[in-house]
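Taking it in order: structure first as structure tokens, then the write-up.
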Amino acid sequence: MRTQIKNLLRHALQGLMLTTAVVSTSVIAQESVLVGAPLPLTGPLSPEGTKLQRGYDLWVEEVNKAGGIAVGNKKLPVKIIYYDYQSNTPKAVQLAEKLVIDDKVNFLFSPFGSGATKAASAVSEKYGVPTLAPTASSVEVYDRGYKNLFGTFTPNDSLTEPLADLVKSGAPEVKRVAILSRNDLYPLALGQDFEKSAKKRGIEVVYFDKYPIGALDHASAITQIRSSKPDWIVVTGYINDLILIRKQLGDQKVRPVVLTMINGPVYQEFIDATGPLSNNVTTATWWHPAARYTSQDLFKSSENYTKLFKAKYKDDPDFTNATGSAVGVLLQLAIERAGSLDRDKVRASLAAGNFKTFFGPLSFSPEGYANSYIPPIIQVQNGRSAVLYPKAIKSGDFRLGLD
Amino acid sequence: MSAILELRDVSRNFGGLRALDGISMSFGIGEVIGIIGPNGAGKTTLVNVITAVTPASSGDILFNGNPIQGLTPDRIAQIGIARTSQIVQPFPRLTVLDNVAAGALFAAGVNTIADARSSAMEQLEFTGLARVAHKLAATLSLADRKRLELAKSLAMKPKLLMLDEVNAGLNASEIDAALDLIRAIAASGVTILLIEHLMKVVLNACSRIAVLHQGRLIADGIPEAIVGDAKVIEAYLGRKFAARQRKVMETS
Amino acid sequence: MLSLQILINGILLGGLYSCIAVGFSLVWGVLNIINILHGSMIVLGAYAAFFAYSQLGIHPFAFIPIAGLSLFILGYGLQAKIINRVMGAPVLITLTLTFGLNLILDNMMMVAFKADYRKIILDPPLGLLELGSLLIPIDRLYAMVLALGLVGCLYAILRATQIGRAIVAVRMDRDAAALMGVKVKQIYAVTFATGAFMAGAAGCLMSVIFPISPLTSNAFLGKAFVVCVLGGLGSMPGVILGGILLGLLESFGTLWLGPDFSTTIAFVVLLTLLMFRPTGLLGKRGFE
Amino acid sequence: MNALFCSKPAHIVVAVLFLLAFLFFPWVANNYLLRIGTTMLMYSALALSWNFIGGFAGYPSFATAAFFGLGAYVGGILQNKGIPAPLAWLLAGLLVTIFAVVIGRIILHLKGHYFAIASLVIGDVLREIINGMTSLTGGGMGLNLAAQKMGVTEQAQFFYFSMLTVAGLALVTTVLLDRSRLGFGLRCIEQNEDAAVRIGINTDRFKTAAFMLSSTFVGMAGAVYVSWTGYIDPGEAFEVLISVKPIVMTLLGGAGTILGPVYGAFLFLLLEETVWRNFLNIHSGILGLLVVLLILFLPRGILNTNLWSVVEAHARVLRTYFRLLPRFQGINLWAWVVRIIRNIRHQS
């Protein structure tokens, strides 16, 4: 028995130390730039997790192909350390700390989504590790005066405001809006921003309610929406919710002038799973392959990024893939400007902003979210997504009604 | 002789069925009463009603002169009414000793586990289970398990002990041993209710016999009286036989 | 008008829930086992239907027997080889075992199919039934029919066939049945397999109605739970009743308290029912 | 009176060493290991708590998550209202205990599956309610705590020792319970409730007591946890795995034993940290496999079983199972297991 415990302890420590050992040696010599990225590779968020990882991987591949990141006079290759936090926020926090302490990473990419980012940012703040958030858009994430958190997403209202404008101008007959939000940090915040944007433009909010996470049926909520006779329906949530709700809207022949769903319709998955019902659904997103930014980063331009992504994955990049690569190039540019891996210097150059990336021009508010580009508005038209706004990359005209 | 337990017009209904029908009787201290009757006569129901497992539908039950209906089964056990059941129910993964100690601990008001164990040991000596005191109860033979039930009940320091078919499944010699045990217990001033459906078992053990039939008390008296009682014979052997019996008696 | 449509929604949703729960209830009733695998089995059936439709163009409804049968086999294997080892063990043991098995199955599906949501889009779509301004989505109508159908078949099987009577016997008194020469272990396996069959059948339907992914299995399981307890264990009519009751609760809950509380009242009702009538509305006593 | 190991001196030594190790761990560990240690202690507290109702009384409670989540939210809200952390933890523990008594009175007359479900549903109801009370709990937005004004290492150690205290309290309670009248009665209830009533055990009161005990430390752990991570949302607070993991751990170590839950938690975390990390996308499957093997071969847990007999009984099967697992980090699992068990055998 005694020996058993001894064995267990020994193997425990072995197990725990091993990863440390491997990494830390490489750190001391600082032969590469180490970035830590906790990802939800399993569990409910695994689809998003894998998308994000693709984005990261593409960037790493390209950087290292080009010899690495220029730090001062020498070039260092990039190494990302991934851990799966199983879509479980506490585990994400735990792994973020492991990455900082054990794996001695220089910088962090935050976990997926606003909730986990918010939780994990406490760790990076604690250790003063500049952390880039690829997928956190709710201002609640940035409202704690943290110095180390920088997000590539503009706040939610940067999606709701232009959309509301578009509706106001493109569909003047729209007077009444109904909003249905998933009761979850990001979708709920988004829903509330839609409420504000609509009210601001004199559009009456005739219905606003939240549905629980994991709801299997929306029929009765939809019946109520129907009876409140909205011209515009806004639904926020994740792809599975939206697929189901779109279908059930069809089941009750609810056909508003405008149907907005965030965020899902930008994914091919959504179009495949809803078929014809996906037509004329509007949505907004932070990036779209149709984007036409030219950049200083190693991707040169949005088109080129799309091309490279297609070459690697035989698939169009969506905004989650793109933001994954975007935090990469952002970090790279910041390091190269700082000319060192020193966290304070890099933090400073991040805060300075003015990065021209394929994802768009990136500068950050004092709180740390991007405030420097206009996220495109998309509408699904005949099974393809067309950009309605901004003008610069417009590829389709706003279509009203549903078929 | 003062009564330890008194039943006044106690009835128990299951839906339409009247399992006990206006039973009134009383038991004196140190008495050994046999309660007999064919299957379904209501014997076990009577025990369950007294122990509040299935409360009486009507009537009064007095223990030491105090009404006890409305008490929960565990309270009943604590005030000194113990029972063994047809199907033995030991705590399989406790030692024999602890099985008995449990009785002492929770019913006899012994406060520490240690004391409970020591008083349990006495009961084991008494019931002749000392040899297996530290075995797990699950490992005992049926006869020993019956003894264990008995020892457990005794450890509860009962004033009234109801033995429900203790002898079922025992061979002749084991039954005799059991009966000796029972007499010894009675001698220590415990009132014993011996529930049996075999008449012969109770005849030589009991000072008094009560006969239940279809939930009614049809006879209550000394063994000799009971065996001659026509209603009893009828209940047991059916009307025809009873009639013939009567003829036989008249002619002689 | 509004509440009439809500009523219809509720009943249709109820049909869906019954459909999900029927196999689960059978297994619970007869084997006295909570089959945590049930949700994943539904999803598995749904995937089978999905691929049958997208690859071979087989209509999901036509595919019901095949999906059911393949799950029947899977279920039989699982029961005979693994679960039978713990039959009659305390709740905790059986529960934990099926929980573990479910983790494995879920993980396998996750590796095989990824977590992406998929859905069958029927061409032509099943469409709607319109009664004045009242709308009835036909796919849900089918779900109701299927649920009733499955329950009906089961009822028939349990009454009419040899094996069925054996199942009933085992449910009522396992030991007695054994004495009567019923091969209890085998009956258990068959029953479990039948439950799996029904999961598979339900799955085919779900693939038309819900976005399918390994992640949805728990949602299905949860509903099956509630339906069974509401309706009463092992009572086949109870499954229908429980399902519809749950459907109505959620629908009117949405109307009165808002969608985010719809599930809450369902749970509260469940809890209250457990307090006062643990065996559910139509349940038989003795499944504890 | 029970198959506890505390009879054998060798075991006592092991236990003491094991516990001492935890006392001195912080001085050898870095912050991450400290975090693992804290998690391990949290699991121990949860498992020990479940052992009261599940191990001693034999009632399959799935209410752990409910207690944990409630404790977390109460603790978090109180702290945001400016109440010092340790006080908030105590209050959380207290409130959860009261809650448990109320609930216990209601659901403890249920048995088997029905009790299991009822206890499971409590967590769901709480989740929905807390989700709805947005103004107080932040609803789906989650609840945030102001970051501690402490150095990194101090903080790590502070929470380690806080968790150690909670787990320690749970352990002490277990030891006391095991020797107490209450514990004795609970074991009787676990083995035969009817007989327990018959010998004068007030089963309602006893079961409620066990249920109550199983809540207190979980509630405190939840509260400590929320101050530790600084963020909680309904989804995680009432995550069903929080109810399931302690059960697996306790079964693994040995239900109804004193240190079983602690050993179980230790082994469980050991697996989580060593094995599963090396199998990124199949670890839940491996957890499942572990559970199944556990139920099939060790249903009564390590401390309740003569491991050697089990291995001998299933040697062939076990070997094949272990062959399925690749060697990881140079340890040949099979040889390892056999070695361990030989050792135990020599000890006892």
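Brief remarks follow.
Letters A, B, C and D mark the chains as written, and numbering starts fresh at 1 in each.
Note that in this section a residue touches a chain if its C-beta (ideal position, glycine included) is under 8 Å from a C-beta of that chain, and two chains touch if they have at least 3 such contacts.
Keep in mind that this is a model prediction, so the values were computed, not measured.
Among the remaining chains, those touching chain A as well as chain B are D.
Using the mean of the Cα atoms as each chain's centre, the chain most removed from chain D is B.
Chain closest to the overall centre, judged by the mean of its C-alpha atoms against the mean of all protein C-alpha atoms: D. Taking the mean of the C-alpha atoms as each chain's centre, chain A and chain D sit 36 Å apart.
A separation of 32 Å divides the Cα centre of chain C from that of chain D.
Centroids built from CA atoms put chain D at 45 Å from chain B.
Within chain C, the positions touching two or more other chains are listed as 110, 260, 263. The set of chain D residues that touch two or more partner chains comprises 128, 131, 281, 284. Contact with two or more other chains is made by residues 42, 183, 210, 212 of chain A.
Chain pairs recorded as touching, per the definition above, are A-C, A-D, B-D, C-D. Touching chain B in their complex are the following residues of chain D: 1-3, 179, 181, 184-185, 187-188, 191-192, 194-203. By the touch rule above, chain A contacts chain D in their complex via residues 1-5, 7-9, 11-12, 14-16, 18-19, 41-42, 83-84, 86, 88-90, 93-94, 97-98, 101-102, 115, 118-119, 122, 125-127, 140, 144, 182-185, 188-189, 210, 212-213. If you check the complex, the residues on chain D that touch chain C are 54, 58, 60, 106-107, 110-114, 116-118, 121-122, 124-125, 128-129, 131-132, 244, 247-248, 251, 281-282, 284-285, 287-292, 294-296, 299. Chain C makes touch with chain A in their complex at residues 1-2, 5-6, 9-10, 12-13, 16, 110, 114-119, 121, 123, 128, 135, 137, 140, 209-211, 213, 215-216, 218-220, 223, 250-252, 254-255, 258-260, 262-263.
Partner chain A is touched in their complex by these residues of chain D: 5, 10-11, 13-14, 17-18, 21, 30-33, 35-36, 39, 128, 131, 139-142, 144, 147, 152, 155, 225, 229-231, 233, 235-236, 239, 266-267, 270, 273-274, 277, 280-281, 283-284, 329, 331, 336, 339-340, 343-344, 347-348.
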